[in-house]
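Multiple structures are listed underneath, in structure tokens.
Two complexes, one shared chain (subunit A), two partners (subunit B, subunit C).
Here is the complex of A and B:
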């Protein structure tokens, strides 16, 4: 004898759990890449401020170098969006 | 973690600023151009570089060679003080120790000036307030009446015990050479103690100090040979480098120049220095030998500063290069004033 009520409930639970897990994955993807970007930008940003302080013409180039690690967090964001939608 | 991270960001900031400043130093081609200029042209030329504000400011009170000299000293002092302000934490500690050499130079200049009863204004012109003793402290020293009074007002300074011990003898003989040697030996000993004091990055600082001591000792050995000094040189040598003072004494006793260079080469491990010593073999003029050795020191420091990219070394490289830039410009201006030809002057420049 099969208990259909219990089976349906388990399936719903699994589905809900999958949604939850993908949300956690999306969060981790954005969060960890954010930390990675921050660490990468720390050194570049410090050097960029130093260079700009000495020579103002460096500002544009220094800003460009500083934001290059932003790509990491964008990859994370893309992965998160793919997971959620 | 947070402390370590923010610390390294500060190191990167300071070292990058030093690298940018280093790239703005006068390049070799400009020195070569300046060799063909007259003194007013040189003054105008450096008045268009980073020395502009000093040349403009002092232009009304000084002229000719004095203007160049004083402007260079002021710029050097301003530059060093600004670096001392911008470097962070541990780096400040090491930079301040390094800059104490200027205190020694200034104090000895004041003592000599006072001994020879020079006008306070004249003494002030040749001081470079780049160390811990700033312009106000130096003004106070210059205003004192006699060398003894100057020494007394230095009570509490690191080097006061040496001055207290050596000044009577210096006054008696009228020569401050021994006092100066002792002060510099004390300075290097103190630098080594600071580097070994357990502050982070001290091991790298120590490498620089040892290089500096080695090069200085080798230069001194060459000088002593040129001056035909054969007596006990142990007093004149600086301890703490890779040569012991006794080894240096043995080296100075060697008669033939070839034998001396061979013996030196056996002790040296640094390849650029070995090459430089080989080149020196053919040279007889002392200034060429000194410039060649200084070049090796700067190149080696540059190489070390790339290996330890975010340490005290990039700052020291800049400080040293700036020092030689000022020395070069001063030599150029003085040489032109004395009417020396460009080719002769070139041999004295560290480019």
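Here is the complex of A and C:
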């Protein structure tokens, strides 16, 4: 009986830690891709601001260029959502 | 629809005597896009025309009007049209009233700039006097010695001077102030001591009396001038009030005069005749041809030329009125070419749907709709207006999707979601079955597959319109190849993994074979046009998956809304409402603030996220499949008069 109880508890513990690990994985997916997107947008953003300062009409296009690397973090978010739900 | 307006290329030749009548007629109709004449060195028979004689008068009058507008801060873009003034009356007033207004405005602006200069001077004096006000000496005591030297200036700290001297030090002013008077023979020695302590000499102002009093006098003077300046600004505002209508009417009329008078600069001329080439939209061509015949009594030769090059044709959109604001989104990317498909209509329909899918929330949709309608009063430029119209369509779609998702500022509406749920389990109010992320993702991927397939099909149609002969065939096969690879990959995936809401082909080995054949044939099809394109194959997967943002960005916005609700209401307001205490009231107020701030932030994020991601899906994923762009803007010779009438 005691052994059985311990085994059940261990199983619950394993399940709980699996849930925890997948949450950590989801966090890593969003966090790391966020860093990647940030690094990519760093250069684009600086250049976009420069271009807009030279020519106001560039604003729309510059904003667009800046959000192109956002895809990376979106993929991270998708993976995180699939992990969590 | 789906293609730019059809154009006709005209060549007009007439004797120089008719130039005035022809220009007037062309300008009035406002449909003729002039192709500028570029003289070639080889043909000396043709040269650029000369501006009409009234050009310089009109130009100088226009400069005057613009100067007055500038001085009074009038921007014709932002002036509301009250009544249209008759052109003849405006011309009369340009002769009689304009010089008076000009003189008045010039005088006011002149005296304002004189006053501003004086004000600056007084302020400068006061600044110079400031350090001396810390020393209890009248200004005349600093000057006029033959046997003594006076040092005045900033210094880092007080110093001891080991020769007979008189010294004042003050640390009440920025940079400290020191005044030292010594006999001439000790001058160099003292200077060295001072310089070692970081001494910076400042000159003594050329004034007399106590520095503090003088400083106060200067500041008062400056304040008095400030009053005069604001009086003058009031008068300038008066001019703006009284004459803005007239000035913008002048501006418009004279701009038209100048444009008309300078038109011959864009024509080719010989000794006795002139020739011009240009474009007219097909449906309005006959009307202007008749009008020109009539205006010149038939002394004109018009020939219709063949359209040689696709890129040289000016492009004007032709769309139903609900789609025309979206043309602005097209212009940001590139205007379509004359012979290619104009996707404005598709963008006008799909963009709001994408926006609504991302920001599907009745509350945010209503806020944005109110915003887009309210801002219409303040944004007068054409671009801004169009943007607001696009936004209002998008927010209506957002409200519709909000009803389907059953969402209101992150709360659920009193019914279950009519489509898939996006309600997350945040806070204590977990109910229902949580978000149906997988189903939503599959829907988004389906949208991606269909959107990209549509793009490729349009690519096939475009290739047949833009290219000729073998080039066209190759391009068509290559587009078909891309389609084949994409659907081949899909078939193979479907035959290995059962995916909800997609075809389940796991039991059909034939599907694998078909998929592989499609894939291989597709790759060959792509490679026959350009083998290097093979490296682009992974984009098939990444572009389709990119549509997952329709769900991901939306869910993140739902999550933010629900977290804001949970923090403000669940954690701060509700517990306090059970037993109201003074501290509890403060907490409730803070909770309301958190609620408002959080939702304002999320509205802004939703607008940016929803708008940018939807348009990005068009620009990057959709347009790259078929759209070339690079058409010239159709810019007819003429003007839609806002403030004047003939």
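The rule is short, and it goes like this: the second predicted complex is superposed on the first by the 83 of 85 C-alpha atoms of A that agree within 3 Å, B and C clash if a C-alpha of one lies under 4 Å from a C-alpha of the other, contacts with A are read in each partner's own complex, and residues count from 1 in each chain.
The criterion applied here is as follows: a contact is a pair of C-beta atoms (placed from the backbone, for glycine too) under 8 Å apart; a residue touches a chain by one contact, two chains touch by 3 or more.
Since the model is a prediction, treat every value here as computed from it, not as a measurement.
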Practice problem: State whether subunit B and subunit C clash or fit side by side on subunit A once the two structures are superposed. | Solution: fit
Quiz item: Once both structures are overlaid, what angle do subunit B and subunit C make about subunit A, taking C-alpha centres and a multiple of 10 degrees?
Solution: 50
Exercise. For A:54, decide between first (touching subunit B), second (touching subunit C), both and neither.
Key: first
Quiz item: Touching A:63, do we find subunit B (first), subunit C (second), both, or neither?
Solution: second
Self-check item: Touching partner for A:31 - first (subunit B), second (subunit C), both, neither
Solution: neither
Exercise. Report for A:82: first if it touches subunit B alone, second if subunit C alone, otherwise both or neither.
Key: second
Quiz item: Now for A:74: first (subunit B), second (subunit C), both, or neither, which partner does it touch?
Solution: second
Quiz item: After lining up the shared chain so the two structures overlap, which partner does A:43 touch, if you call subunit B first and subunit C second: first, second, both or neither?
Solution: first
Exercise. State whether A:20 touches subunit B only (first), subunit C only (second), both chains, or neither.
Key: neither
Exercise. Between subunit B and subunit C, report the minimum C-alpha distance in the superposition, expressed in whole angstrom.
Key: 9
Quiz prompt | Footprint overlap on subunit A, comparing subunit B with subunit C | solution = none
Quiz item: For subunit A, which residues count as touching subunit B in their complex?
Solution: 39, 42-43, 45-47, 49-51, 53-55, 58
Quiz item: In the complex formed with subunit A, which residues of subunit B make contact?
Solution: 5, 8-10, 12-17, 20-21, 24
Quiz item: Which part of subunit C faces subunit A closely enough to touch in the complex?
Solution: 332-333, 434-435, 437-438, 441, 542, 545-546, 548-549, 551-553, 555-556, 612-613, 615-616, 619-620
Self-check item: Partner subunit C, residues of subunit A touching it in the complex
Solution: 60-61, 63-64, 67-68, 70-71, 74-75, 77-78, 81-82, 84-85
